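You will see subunit A twice below: alongside subunit B first, and alongside subunit C after that.
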Partner chain A sequence: MTDPARRTLLLGVAAVAVLAATGVPAGAADPIRLGASLSVTGRFSDAAKYLQEGYQLWADEVNQRGGIGGQPVQVITYDDESKPDSGRILAERLIDRDGVTVLLGPYSSPITDAIATAAERAQVPVIGTIASDSSIWERRKLRWTFQAFPTSDYDHEGFLRLLGEKGKAIKKVAIVYEEAPFSIRAKDWALAKAKEMGLTVEAYGYNPGAQDFRSIVERIVAFGAEAVAMGGYYQPSVALTRQMIERGYNPQAYFFIQAADGVTREALGQQTEGILGRSAWEPTLETPAARAFADAYRAKFGRLPSYHSATAYAAGQVAEAAMKAKGTDRAAIRDYIATTAIPTVMGTFKVNAKGQQEGYHYIATQWQGDTARIVGEGSANAVIWPKPAWK
Partner chain B sequence: MSLTLFFQLLANGLVVGGLLGIVALGLALIFGVMRVVNFAHGEFITLGAYATYLLVTQLGASPLFGIPLALALGGAIGWLIQAGVIARVTERPELDMLMTTYALSVVGLGAFAAGFGGDFRSYSAGPSGSLDLAGVVVGWRSLTVLLTCLVMGAATLLLVQRARVGLGLRALAQNRDAAASCGINVIASERLAFSAAVALAAAAGALVSLIGTTTPTVGHGWVLDGFVVVMLGGLGSVAGALVAAFGIGFVQSFASYLLDDSWARIIIYLLLYAAILVRPHGLLGRQEHA
Partner chain C sequence: MSRAGSTAALAAVTVALGAVAAALPWLGVSSYVRTLVYYACYYMALGQAWNLISGMTGYVSFAHGALAGIGAYATVIALNAQWPVAAGLAAGAAAAGLASLVIGATSLRLRGAAFTFATLFFQELVLLIVRKLPAAGGPGGLVLQEIYPTSLPYVLMVVLAAVATIAVAALRFSRTGVRVLAIKHDETAAVAIGIDSTRLKVAIFCASAAIAGLVGSIHAIFVGSLFPDVVFAVEISLIALAVPLIGGVGTAMGPVVGALLYVGMREVFQVVAPGLHLTIVGLLILAVVLFMRDGIVGAAARAWATRRRTAVPAEGG
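On to the complex of A and B.
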């Protein structure tokens, strides 16, 4: 037996333990199978659980409504151990052995990137649930893989919109970015947008893995920036914030990309007040679709959904719309997803010619007291402006 | 460039240089005494960082207590690893030793990743606020880092250059066999050197957690720079490592300001290359005679 074959077999055996097929009633018509490689173990394991719950809720609801064209749906999931390579092998298994009609996305851009390789070869549509890095679609010509997460290109959009609304007095903006494709693309978009808004803007790059931002802070101070947007990863963002605090540099508006609320709070304590962020989705969103989803999720799992579950549910909705219209013909499903605006809990799903998400963008958030709340467009929450000085 | 800005960049460089200094000091000590390139040094930094994180978040203690805790923990673990692992391969070919420390690094990385996950950990407790000296602003956290590094650096230098045990270490560094025949306890000296180096690394980790964030790979970046410092300062030269560390801290600070972060890295490695060409034995290192 060749090594890859043995590896596939081993993975398959291991995967049986976590094979989670959603409840299909006995005696029902053959189910339509969908598959997902999820990071049940490994570094992304926390997030993957929420993703799985989103898929499960969607499938259960579809089946309660009588399925699609009389056929129930079944979501088969395996554990990729948070590794892109395992994700690719599992995608092959889902396609070859389980015969899935559509692949629902894994957690993270790198694993989506890996799965796309298998899916493109086998010509199976992939709905990239949690893949924000739009450079994947820039770098590769992907015909069967679609981005269903807000693209990182628009990371700074909410921040700049708030600046336009509230920060009339602000003339100089500093953008800090990581020398990594997603961050550079977001910076390029923001530079053009800020110039269009009549702002003077300077951008400062740093090397991946950097922890020392003191010289960048000095450059920002020397430039006289009144607002700062940090478009790099979460960890360097915390380091930059701490060094701005130490330097006693107080911008009137400050934005950085945050993930889990608890971690930001743990790292920065009371200093979070007024810091802006962005989110793919929040359970407090005041749209009928979001409210209905949040209620159903809470009834099933006993807590509020995170954006992971919402994006997973939305990916299911996209697959559902395509299969309702086109049945189980993969090529027809692919064409439908590529060309149709589909309403979901995230907003309207719509991809551009490259497969990148254009329909929904990020929403702006701001730390107010103990939590990050939605602010700006469509939200009743008042923005704290300017950001209070560091304590 | 104004004088205030100049001193501000100088102060920033001192903080980074101080941390790099005690990381490199440990590497130089281990290399100098035992001729071992310790790939696992980064994991000992990570150990100190997580120990401090746990101390702060689980026991609610001040992160300042993390420094002595990391020193003690690092010293003890260093002693055990030297006795249990390193000492067993000392007489073996160099590649065996390299692979051993590399294996230690992989095991350590795996253990931290399994125990703490890949996400970063951080805490907000500890000194806050800044000191403003005529416009030059240094945070109390950074100042804590700098002062601790200076004290630990000075203590290590005194230990190596003035204390009786230091004499043994220096003798070993010059010639292992001759030192042994002069009655120097080679085993105890090597154990002391390794243990002290790991203690320094762990203390550096405690300080890194104070000003930065902690992940399973937090030590790697520091240890790479640490190797550059050791090469620049002279392989195994303890004083040279300190001088080179502050030098690199200043280059990083000024070049990042005047050019950018990428250029700072390029310049540092160009300096390393130039040093290898011009002074292959480093700034303060001695030329070895065959």
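On to the complex of A and C.
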């Protein structure tokens, strides 16, 4: 046999072996398939691994319990490259070629919107695992797509609640927001709420991806804000923080929405002390469901889960509840998800008539030492107030 | 075969392939395969639009994604105002054509890199303007109120890809095409023999932009929803350029081969090597650009010619 021919043969044998090792054993019931679009490559790639682990843990647990109606479940994942056009093609592939019963959602509004378009046409339910931006449910009617992540409309809720409890002396609040739909909607909600609380508020918009906030910091100082809330993405938030430190401007309370992420500590070091944030879920959450999930996750992967893994697991739980009740009838699953309160590791899943998440909101966090602790509402942790001076 | 003959033959083959592709929705082919065919035609038509100006004249454009985006926005605004579909598409082509005059009438008077820089700035500028424009929905973008069946954009895109391919072939073998190629190879000499190079370049860029605008219009009907950061992402301009580069710049078949390979390779590698597929495709594109300067079509034509040259004497004995 010639060398290339032998190589081809070896490759063939290897491929068959791999298929045999990973495939569903012959004779087992056909699996119920679910499809997930993950941003494994591209600008949203940070979270993909944690989402995949959440799905895997959920599927393994269901299969250990004997599956759903005797059928095992299988989550098929593909990489959407963080691009809507790729998401659109892979939604077609998952629906058409893999025959999935339910789609589990991708990251970012444009990709969720792209997959929703394909799913609405094909009438397949989509659980938007990590879609926080509720505006895609505002701009058009999505019948088959549901938000499973806390909506970003309430980004500033925990911060304002703490302000009401602790910051009686504070009269002026500055809100910085990105000129992007999610951030604008969150700002509008916060403006109304703050006015209702009797606060004087000013809002400062910036272009997506901005890094220079010096003029905004000067305007905030001139306004005399005692508390600052930043509602944009992570990189601009870090830039704004650094420029506030540079300027020597130290508000009594400072909040930015993605502050709870571990990377904040790496970027800002000791300066994080007292910075408030918000989180969809934390492994230190004191609910039985959260504790059971965190323990199972640690046993399987050897570390504490992030909120990404928790949301993925919760999306699985929503699909599981619907399929247990309705089998694999997609229309019945859709109706069930649209109208039912479903307990998950995130809290109770419940969507409004538009499909937006109303069941669970964000929890407030604060950097205390080297951890972002849950503070306020029902938490035993004391809040550090006011924020200590920059170091 | 004569040049006119080969153009006619190419046109016949293109029309036949286009007819088959357009008929797929009614031949029971799965919607996944149709989506792939759609995307191949989308990139093909966009690549041909780029090919028309940049492949033929050598003036490299980085704005074809933005021109398609202008077409998309114009069409969605027109259709939401209850215009008929044909008028909506015409609005997209016209808007992109007009926008091209803004870049072309100034920068195409100059030679060299001025045009390329103008297109790069244009791409960024349009995104900034659209994000601020309330009529264009601001940062939240626009939604097409009516959801059209996918067969409409599908057939339109297949037809557009075929028409654009034939247009490039027809131009290449026409008298005007010879003048355009003269500009590409030596613009000073072309002007010296009486070719009005500025006028020709502006006219071709305008036609190219109108095709790009139409591509955007049809894609807008396909996706039904526009986000400025996605529609005006620089990636789309890069695909418009990569597709002809893979297949062969300045040839009619280049973007056809390029688009089919681009879409096909990405699908195959995404299943075979998940997570690595973009790297693999990127390396393959790099290899083509480095080792096949005239693209796959050019390299294949040369290999064919070499074989014939060596084979003919042997057969003749």
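To be clear about the criterion, the second predicted complex is superposed on the first by the 356 of 391 C-alpha atoms of A that agree within 3 Å, B and C clash if a C-alpha of one lies under 4 Å from a C-alpha of the other, contacts with A are read in each partner's own complex, and residues count from 1 in each chain.
Following the convention adopted for this analysis, contacts are C-beta pairs under 8 Å (C-beta built on N, C-alpha and C of every residue); 3 or more make two chains touch, one makes a residue touch a chain.
Note that the structure is a prediction, hence the values are computed from the model and not measured.
In the superposition on chain A, contact of A:216 is made with subunit B only, not with subunit C. With both structures placed on the common chain, the touch criterion links A:342 to neither subunit B nor subunit C.
By the touch criterion defined above, A:206 reaches subunit B but does not reach subunit C. In the superposed pair of complexes, A:139 makes contact with subunit C only, with no contact to subunit B.
Of the two partner chains placed by superposition, A:62 touches none, neither subunit B nor subunit C. Shared-chain residue A:179: touches subunit B and subunit C both. Looking at subunit A, you'll find residues 179, 207 touch subunit B in one structure and subunit C in the other. Interface of subunit B with subunit A (complex): residues 5, 8-9, 12, 15-16, 57, 113, 117-125, 128, 130, 132, 137-139, 141-142, 208, 211-213, 215, 221, 252-254, 256-257, 260-262, 264-265. Listed in rising order, the residues of subunit A touching subunit B in the complex are 42-46, 82, 179, 204-207, 209-212, 214-216, 218-219, 222, 234-235, 238-239, 242-243, 245-248, 260, 263, 266-271, 391.
Partner subunit C is touched in their complex by these residues of subunit A: 40-41, 78-79, 81, 83-86, 88-90, 92-93, 95-97, 109-110, 113-114, 117, 120-122, 135, 139-140, 179-181, 184, 207-208. Subunit C contributes residues 30-32, 35-36, 39, 128, 131, 138-141, 143, 147, 150, 223-225, 227, 229-230, 235, 266-267, 270, 274-275, 277-278 to its touches with subunit A in the complex.
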